[in-house]
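This report refers to the structure that appears directly beneath it.
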Amino acid sequence: MTLKDWFETRKEEQIAARPVDPKIDDYVGKLWVKCFNCNAQLPRKELEHHMMVCPECGYHFRINARTRIAQLFDEGTFEEYFANISPADPLEFVDTEPYTQRQQSAKEKTNLNDAVITGIGKVEGEEIACAVMDFEYMGGSMGSVVGEKVTRIIEEALAKKLPVVTVTASGGARMQESALSLMQMAKTSCAVAKLNDAKLLYINILTDPTYGGVTASFGTIGDIIIAEQGARIGFAGRRVIEQTIRQKLPADFQTAEYLMKHGQIDMIAKRSELKSLLAKILRLHKHQ
Amino acid sequence: MTLKDWFETRKEEQIAARPVDPKIDDYVGKLWVKCFNCNAQLPRKELEHHMMVCPECGYHFRINARTRIAQLFDEGTFEEYFANISPADPLEFVDTEPYTQRQQSAKEKTNLNDAVITGIGKVEGEEIACAVMDFEYMGGSMGSVVGEKVTRIIEEALAKKLPVVTVTASGGARMQESALSLMQMAKTSCAVAKLNDAKLLYINILTDPTYGGVTASFGTIGDIIIAEQGARIGFAGRRVIEQTIRQKLPADFQTAEYLMKHGQIDMIAKRSELKSLLAKILRLHKHQ
Amino acid sequence: MKLDFEKPITKIEEKIEELRKMSEESGMDLSKEIENFEQQSHEYKKELYENLKPSQKLQIARHPNRPNFLDYINLITNDFVEMHGDREGTDDRAIIGGVAKIDDKPVMIVGTVKGKSTKENLVYNFGMPQPEGYRKALRLFEHANRFGLPIVTLIDTPGAYPGIKAEEHGQGIAIAVNLKEMAKLEVPVIAIITGEGCSGGALGLAVANKVLVLEHAYYTVISPEGCASILWRDATKAPEAAEALKITGPDLLKYNIIDGIVKEPLGGAHYDYEAMGEELKKEILKAIDEYKDMTPQQLKDDRYNKFRRMGVFNA
Amino acid sequence: MKLDFEKPITKIEEKIEELRKMSEESGMDLSKEIENFEQQSHEYKKELYENLKPSQKLQIARHPNRPNFLDYINLITNDFVEMHGDREGTDDRAIIGGVAKIDDKPVMIVGTVKGKSTKENLVYNFGMPQPEGYRKALRLFEHANRFGLPIVTLIDTPGAYPGIKAEEHGQGIAIAVNLKEMAKLEVPVIAIITGEGCSGGALGLAVANKVLVLEHAYYTVISPEGCASILWRDATKAPEAAEALKITGPDLLKYNIIDGIVKEPLGGAHYDYEAMGEELKKEILKAIDEYKDMTPQQLKDDRYNKFRRMGVFNA
């Protein structure tokens, strides 16, 4: 075994060893945080200073929508839109718990009405319309509210002739809204079609994790697709695929690197580079 | 080895055993013709009656452009266009023989000015503009004349709002015209772009063999692509590929069936079905 | 193959058969009794099939004898010319399409195909498309768009295939691109869920001006089994999930997900292919006719507005 | 690495070096003699490089130190943002592209990449694209078209890759589609053959409003080696084929295949990257500027008419 082989194997083991769903609230409020990847004990302040990226190994912790917005936008420029839209329970859905109760818990945990924040703001002075998803609200699942807010912010961008940027983090569909959830895929994608016709730039930033209905709709039809380093991105989840094909998946399956190798994304960016990269791309498309 | 396996192996052996370049003039003028595939001795009259398809095994003999036109068009409806365009020798090209001499021999052999006949005629009453290549004229290679005539017939179709059908048989580029030959790929493809804009139906019929510059230009950008049964179609030739990758190719490599399996053509048709299939497709696109 | 809940019918039918035999053998005239039983049987069936639970409809929707796309091609079209392949390396057999006439109307017809035997299902991959299938479909949609052919899609799929190659080749992107590009089509698009209409895999062919479902078909964001194993953490709770997900025609109509329900023959499409074909053909022609005077822009607007309205929330 | 025909120069340069050493060691003033020799050397070089045979230019065009696409990205652009992949499963490294600025002008720049070592060539496949590379290029062209970015392509390829997968995935169709779709672009397209411009593999990125070749680059329908082995049935006749095929700048200009020749530093681009970059950048900016006032339709017509005129025949 050459050193390179050994290194590759180690790397894949490390990737495979990562907890599949590291929750944001695992570390919220703690003074010291243990890195999921290298196990380093990190002072919370320092981690925050590094945009929630481990200074030891570069592991990107999941962050919520508010933190993301603070990182991406020029201070004080982000104006939230459609914040008042909140979920209903049209199907009166009850599984082991009523949908309304899940909504309530999610709202308490995140202080959000649903899994996306939409608004308009500036990135290094460049004005954009933006939708940022929050994985902590019911796994970033897309129901009627996410679909409606994404569609509205796109329509707002069409009216104001602004580029649109999405930052996704989603486990997929909001099952509690069944076909209504499914239809949000069509609704948002039809809105993106209008951006194409209007020749307005549409950029997707995929963060960990982006799966299912979001991957198969507005999340991946950008003119430019950027994946944040460390993100896992896919249509079907690992477990579903393993059950279907009855074999183990490669350790790097569905990582950003894997997607790049397979031609599905334009580029991978570290969290620390994301803002300047986004601004650079916006400026390169601004001359018209 | 199961019977099925044995059969498949035999079939592949047979396909592989076929002479790579069965020439049309091998049988011209003979009263009895030996089938290249099953070795049956066939009366020439009977073979012609069967559209030059072996009644024993279905092997499709190569046919020239005039025969093809007689088979495809309603009797007496085909009017030839641009017949007077003939090749020049801009590069004063001489290899083992001067280009002009090769032109002369090809003309004597085929009674054609170059490797394509263009014109307008009717297929089961449906009027189309058409370019039919002739492999016997310098291996159906595309030089300035082929490019010009194909482009002109497309421009004629644009003016008359007619669908366009090509029947290709070509070894590739006319090397004796070097870059001028290469540019015919661009010229003809740009003309096809205009057919797209005008929403005029463009159909490619690929016959044995269609390779190189024709495969990589006007020959394969049809709205519908039909391969004649038994045709070999490719970009690079078998020998070039074998030399590059240094391994044997599968026996069915670049057959019509292989291309269909790999999603490159819409359908395969027997010679006997070609005319009615073409007419059916034309009628299905005629309602507007 | 009879389904569980059809057993009472089987019993009645056996009884009728017995009576017939007795009548024949004995020479007794039992025609009145037989007629009576047959009348009862018919009424029983009507009531039974009109009041099926979602989990029971599911069984009909998945019935192995249910007509598949190729059956419908035979039943409702003529002059079908299949257009194979994505032009890029693959001819996914889980999605088949081509040009054809329905009565005298040329259309582009595209659908997912389920096999009726294990062997067939290996060819058609159980009706689960790969990304290349969606790309082939899009090629055909764009062909139809160029030549002004109305598009008809027939959907019967347990979903897009979850596999390694499918992920590598962009299953998500392929579906997403279809949703977006179908929004731009300037011809009428009619989608019919004929059996299973499961998740994005179904929607990838269903961004239509008119969406119909067959009487015993279903349309859902996730299979009831998948939903049960995630939300209930117990796959045996699939019947409850089927109920909760509101996946059948009347519920879908109520939430404005679909535009109509196509009646099936008594007991389901597999009891009478001809009748099913006739009914489906009638509904498709009616739908196409509805859009015949719309301009390209009106067709796009109609489609946009339809999906734009979907969703229920508080604001 | 010096080429065969450069040996006389090497000899002169050795002699000059010897003189220098002698001068140093002996304390004699030989500056006049040295200057004289240097002058001679320069004149010799000028004459040599201006009168190269096609087969000699070929050697320069293929020189392993010749600047490649990535060098030109560094030399002539800033803010380059690479856009990877075909969105369908593959990121062909033989064709690379992205948005960048040349001076202050945003452009889409796309090119074939040759490696400079065996290791690099395994990555870039010796600059021979797969069909997926052409599809990636087309995606970038269409992106540029949507956002009004002029397109610059830099071409240096021995041709599209002749392999099994390439054939299976439609190498011919991929190139053909690019030719057709490039015809529809509504932005200026500038193509520069920087080294080898071989066959359809080069043309697949070169349906441009303006086509330039570097002084020692070549553009041909087939490699001289390939041509020799087919027409002469003898690959060693490549120099004759190179001559007969008329593949260098002046001949290409004469037959209206190209619109101009970009001067290279004395001896070839590999002798002075900076100077080559400056010259190329100047020519690209000049070309873009030429088209800046054309409407989309004018740009398409310009491109159509340019290729429409190509060909020589009797009528």
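Letters are used for the chains, namely A, B, C and D, taken in the order the chains are written, and counting of residues starts over at 1 for each.
One rule holds in what follows: a contact is a pair of C-beta atoms (placed from the backbone, for glycine too) under 8 Å apart; a residue touches a chain by one contact, two chains touch by 3 or more.
From a predicted model like this one, the values you see are computed outputs, not experimental measurements.
Chemist: If every step must land on a chain the current one touches, say how few steps get you from chain A to chain B.
Modeler: The least step count works out to 2.
Chemist: Go ahead and note the Å separation of the Cα centroids belonging to chain A and chain D.
Modeler: Centres of chain A and chain D (C-alpha means) sit 41 Å apart.
Chemist: Roughly how far is chain A from chain C, going centre to centre by Cα mean, in whole Å?
Modeler: So the centre of chain A lies 33 Å away from the centre of chain C.
Chemist: When you check chain C against every other chain, which residues touch at least two of them?
Modeler: Touching at least two other chains: 87-89, 168-170, 173, 177.
Chemist: What parts of chain B, by residue number, touch at least two of the other chains?
Modeler: In chain B, residues 196, 262-264 touch at least two other chains, as defined above.
Chemist: So which chains actually touch one another? I want all the pairs, not just one.
Modeler: Pairs of chains that touch one another: A-C, A-D, B-C, B-D, C-D.
Chemist: Which of the residues in chain C end up touching chain D in this complex?
Modeler: 87-89, 131, 135, 168-170, 173-174, 177
Chemist: Please give the residue numbers of chain A that touch chain C in the complex, ascending.
Modeler: Contacts found on chain A: 82, 84-88, 90-91, 93-96, 143-145, 147-148, 151, 173-187, 189-194, 196-197, 212-213, 215-221, 234-236, 240-241, 244-245, 249, 253-254, 258, 262-264.
Chemist: Once bound in the complex, which stretches of chain D touch chain B?
Modeler: Listed in rising order, the residues are 160-164, 166-173, 175-177, 179-181, 183-184, 199-200, 203-204, 206-207, 219-222, 226-227, 230-233, 241, 244-247, 252, 255, 257, 303-304, 307-308, 310-315.
Chemist: Can you list the residues on chain D that touch chain A in the complex?
Modeler: Residues in contact with chain A: 79, 81-92, 99-101, 105-106, 132, 136, 143, 146-149.
Chemist: Considering the complex alone, what residue numbers of chain A touch chain D?
Modeler: Listed in rising order, the residues of chain A that touch chain D are 196, 199, 201, 223-224, 260-267, 277, 280-281, 283-288.
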